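I've put the structures underneath this note.
Shared between the two complexes below is chain A, which pairs with chain B and chain C, respectively.
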Partner chain A sequence: MSTMNPVALLLRNPREVARRCLEEEGLRPLALASLGAVAFGAAVFGGVVGSFRGGEQIVFAATKVPVALLGALVICIPAFHAIAAALGRAWPLRSVIALTLAAAGRASLVLLASAPMLWLAYDLGLGYHASALAATGAYGLAGLAALGVLIRGLGRSKHAFTTAIAFVAVFMAAAGQTGWILRPYLVRPQSEEVPFLREIEGGFADAVYRSSRSTAGIYDSVQAWDPARASSVRARR
Partner chain B sequence: MEATASIANDWNPAPVPRPGTPGPDARVEAAHATPTPTPPPLRIRPSWAQELLEADGGTLSLVRRTGTGLGLAAIYGAALGTRAGGWALLTHAIGVPAALLAIGLVGLPSLYIVLALFDAPLSIEGAARAAVRGIASSGLVLAGLAPLTALYVVTSASGGAAGIAGTLGLVIGGFLGLRHLVMALGEALKDADSATRHFAMVAQLGFGVFAVLLGWRIWSGLLPLVGGL
Partner chain C sequence: MSLVDLTVIYAVVGMGCAAVVYRRSQGSPRRRLGSAALALPLWPIWAPIALLPDAAPRTHVGQRRAADRAERIEAELDQAVSAAIDSPFEVLLPRRAADRIRDEVRDALRRIGELEAVLEEPGFDRARAEERVVELSAGQASKRALKTAVLHRDSVARIEALRDRQVRALEELGELVGALRSQLVLARYAGSSPEGVGGIITEMWTRVESLSEVMDAHEQPDAA
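Coming up: the complex of A and B.
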C-alpha cells in the first residue's frame, strides 16, 4: 500500500486512487483530502473568476463555485451508482461516493492550478467573453483530470466506455443546472449592482424545449429589437 | 578469379527473417524475460445493487426484489411530482411503477406463450426471473436519476422543459430495464438451437416494441407532467 500523501496520490496516481476507492481501503484520508481540495480549490478558482468584477463578487463567486460543484456531486452520485450497476458494475455506494469525490478533488486541484494564470490574464486586460472562454477552458481541463480517475475505476471491461459517457453526461447535466441556478460568477466590471443570485430564467432543459419548439416553427418569444423577424413570425402564424 | 569463385560458392547468407518474425536476439530475450505480472483482480465487496440485479433466487426473493424495484421507480415518480407538489407527488409515484408492472404482467406472459409455441426452452420461472430483473434494473436507474430529475423539474422555467427532463429519465430507465430483461431472457435461451434462438430474437424484438409502446401509453396517460390526466 502506497504511503504517499493523499493529495499527491490524487495528482500522481489516479489508478491507485481508483483501486483504493473500489476496495474501500484507506478511504478516510482520501475522502478528507478530496473534500478539502474541492472546498479550497474551487473557492480559489471562484474568487479569481469573481475578481473580474472585483468587490463583493469575489466572495460571492468563491462561495458559489464550491457549492455548485458539491451540489452537482450530491445529485450525480445516486445516478452514477445506478447506471454503473445497470451496466455491470454493481459497486457498493460507498465506493461510488469515494470515487466521485476523488475525481472531483483532482479536478479542483487542476482548477486551483489554473487560477493564477486566469488571474494574470484578467490583470492583463482579458475581455469579458475571452474571460468566460478561459474559465470554461479551465473547467474543461479539470473535467479531463477527473475523468482520469473515473476511467481507471471503470477499468477496461465490458461497457466501460458507455458507462464513462453516461457519467460525463449525467455530471454535465447536473453541474450545468446547479451552475445555472447559482449564477452569476463572471460579472462585467461596469455592473453597479451585483446580485448574489439571478432569477432562474430557464436553464438547460428550457433551452432544449425552446429549440425543439422553434424547430417546429413555434416561437415562444419574439425579440423586440428585430421588427422584421417579429413581423415574419406573425405572418407565419 | 579462382578465389572469387570460391568465395561465391562458399557464400551462405544468413536467412532473412520474414516480416513479423522475431530475430534471434529477440527470441533469446523473450526466453529469459519474466512474464509481465497481471494485476490481481480487485476485491470489491458485494453490494446491495448486485443482490437486487442477480438472476437467481427463490420465490420470496423474486417478490421482494419486484417490490423493491417498483418502490425505487416510485421515488422517481415522486421526483416528477415535485413540480406541482401535493397530490401530484402521489399520482406520479403510482404512475411510474404502474407501467413497469403492466409490462411484466401483461407483456411477458404473451412472450412466454409465443416462445413456448416454438418450443423454446424457457420456463415460467425463467421468464419471471427475467421480468424481475428488468423491473429491478429499471427501478434502480430511475431512483438514481430521481435527484437530477427533481432538480430539473423544480428549477425549469417552463412546464414543457420540465416534461422533457422527466421524459428523458423515463426513457433511460425504461431502456436499461428492457435491456436487462432481454439479456436475462437471452441467458435462459442460450441452450436452444440456432433456429429457435433466431426466432426468439425476433419475438424479443417484437416484445421490446410492445413494451415501449405500452410503457409510453401508461406514462403519457397517468403522469400529468408528461401530458397525462
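Coming up: the complex of A and C.
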C-alpha cells in the first residue's frame, strides 16, 4: 500500500486512488483531501478568471467556481451510482462518491496549476474572447485529468467505455446548468456594475441551442434599435 | 418549485444530516464539529463518507486459504502434543518444539500475506508485465527498455513463485502434522512403531526449515 499523502496520490498515482476508492480503503482522508483540493484549486482559478474584470468580481468568481463544481457533483453522484450499477458495477455509494470526489480533486489541482499561466496571459493583455477560450482550455485539461481517475476506476472490463461516456455526459449537463445558474465569471473590464448572479433566463441547454443558431447566422430575437444604447456601447469600446 | 424553495429544503436536510454526523462521528469535539460543518452544505457526498466505516481489509483468496490451513495445523499440533504427553513419544514432540513450529507457521502466513499484498500493487501484475514485454518487442523500443521490461517481468514471476512455494510448504507441513497427530493418537491407544513417528517428525522438521527459507536468488522461477 502506498504511504504517499492523499494530495500527492491524486496527482501522481490515479491508479492507486481508484483502487482505494473501490476497495473502500482510507476513504475519509482521501475524500477530505479531494474536497480541499476542489475548494482551494477551483477558488484560485475562479479568482484568476474574475481578475479579468478585477474588483469584487475576483471574490465573486472565487466563490462561485468551487460552488458550481461541488453543486454539479452533488447532482451527479446518485446518477453515477445508478449508471455504474446498471452497467455491471454494483459499487457501494461510498466508492462512487470517493471516486468522483477524487476525480474532481485532481481536476481542481490542474485548474490550480493552470491559474498562473492564465493570470499571466490576462496581464499581457489577452482579449475577452481569447480569455474565455483560454479558461475553457484549462477546464478541458482539468476534465482530462479527472477522466484519468475515472477510467482507472472503471478498468478494462465490459461496458467501461459506455460507463465513462455516460458519466461525462451527465457531468457535462449538470455542471453546465450549475455553472449557468451561477454566472457571470468572466466579465468585461468596462462593465460598471457586476451582479453576483445574473437573472435566470432560460437554461444551459437553451443557451447552447441559441448560440449554435447564432453561429449559423440565425437570430431568434432581434432587439429594437436604441440609439442611446448604441452610443453607450460605442463609447465603451 | 423555485430555486429558493429547493435551497431551503436542501439546507433543512443538511442541518439534519449535520446533527446526525456530529452525534455519530468519533474523535475530538473539534473534529466532529468540522465533520458536521462539512455535512451541512455537502450532505449528499459527505454524510456517507463520514457515517459509514471503511470496508474491512480484504483478504486475498490465497492468503485466506493459507490462513485456514495454518489454523488447522495449529489445532492438529495441539492434539498431537496432547496425545504425546506422558507417552514414550513426548521426547520427540515436546511442547517447546510445538511452540516453535507454531511460530514458524505464523511467520510463513505473514510472509504469504505480504507477498500477496505486493502482487496486488499496481505494476506487479504479471500479465501486464508480460504484455509490456510483447509490446516493446513488437515496437521500436530500444534494447535497454526491452531488457528492463524483461527484468521487471521476471522479478514479478519470481515473487509469485516465492509466494507459491510458501503456500506449498505450508500445505505439506499441514499434511505431516495431520499424519503425526493420527500416529500419536493411534500409538497412545493401540501402540505403534516409534520408527514411524520418528520418520514423520524428521520430515516435519525439514518442512519447518523450508518454511523460513528465502528463495535462492539464482533459482529460476517455476513458471517464468
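The criterion applied here is as follows: the second predicted complex is superposed on the first by the 205 of 237 C-alpha atoms of A that agree within 3 Å, B and C clash if a C-alpha of one lies under 4 Å from a C-alpha of the other, contacts with A are read in each partner's own complex, and residues count from 1 in each chain.
In this section, a contact is a pair of C-beta atoms (placed from the backbone, for glycine too) under 8 Å apart; a residue touches a chain by one contact, two chains touch by 3 or more.
From a predicted model like this one, the values you see are computed outputs, not experimental measurements.
Novice: Could you say whether A:His159 touches chain B, chain C, both of them, or neither, answering first, second, both or neither?
Specialist: Touch partners of A:His159: none, neither chain B nor chain C.
Novice: Once the shared chain is lined up, is A:Ala173 touching chain B (first), chain C (second), both, or neither of them?
Specialist: Touch partner of A:Ala173: chain B, not chain C.
Novice: Considering only the touch criterion stated at the top, classify A:Ile181 as touching first (chain B), second (chain C), both, or neither.
Specialist: After superposing on A, A:Ile181 lies in contact with both chain B and chain C.
Novice: Name the chain, either chain B or chain C, that contacts more residues of chain A.
Specialist: Tallying touched residues of chain A, the top partner is B.
Novice: Return first, second, both or neither, reflecting whether A:Leu73 touches chain B, chain C, both chains, or no partner chain.
Specialist: Second partner only.
Novice: Taking the superposition as given, does A:Leu93 touch the first partner, chain B, the second, chain C, both, or neither?
Specialist: Both: A:Leu93 reaches chain B and chain C.
Novice: So, does A:Glu16 touch the first partner chain B, the second partner chain C, both, or neither?
Specialist: A:Glu16: touches chain C, not chain B.
Novice: Tell me the contact category for A:His81 with respect to chain B and chain C: first, second, both or neither.
Specialist: First partner only, chain B.
Novice: Touching A:Arg213 in the superposition: chain B (first), chain C (second), both, neither?
Specialist: first
Novice: Go through chain A and flag every residue that touches chain B in one model and chain C in the other.
Specialist: 19, 23-24, 74, 78, 92-93, 181, 200
Novice: So in the complex, the part of chain A that touches chain C is made up of which residues?
Specialist: 1, 13, 15-16, 19, 23-28, 31, 35, 70, 73-74, 77-78, 92-94, 97-98, 100-101, 181, 200
Novice: Name, in rising order, each residue of chain B that touches chain A in their complex.
Specialist: On the chain B side, the touching residues are 42-50, 52-53, 137, 140-148, 151-152, 155-158, 160-165, 176, 179-180.
Novice: Can you name the residues of chain A that touch chain B in the complex?
Specialist: Chain A reaches chain B through residues 19, 22-24, 74-76, 78-83, 85-87, 90-93, 95, 155, 170, 173-174, 177-178, 180-181, 200-206, 208-210, 212-213, 220.
Novice: Name, in rising order, each residue of chain C that touches chain A in their complex.
Specialist: 3, 38, 41-42, 44-46, 48-50, 52, 54-55, 57-58, 117, 121-122
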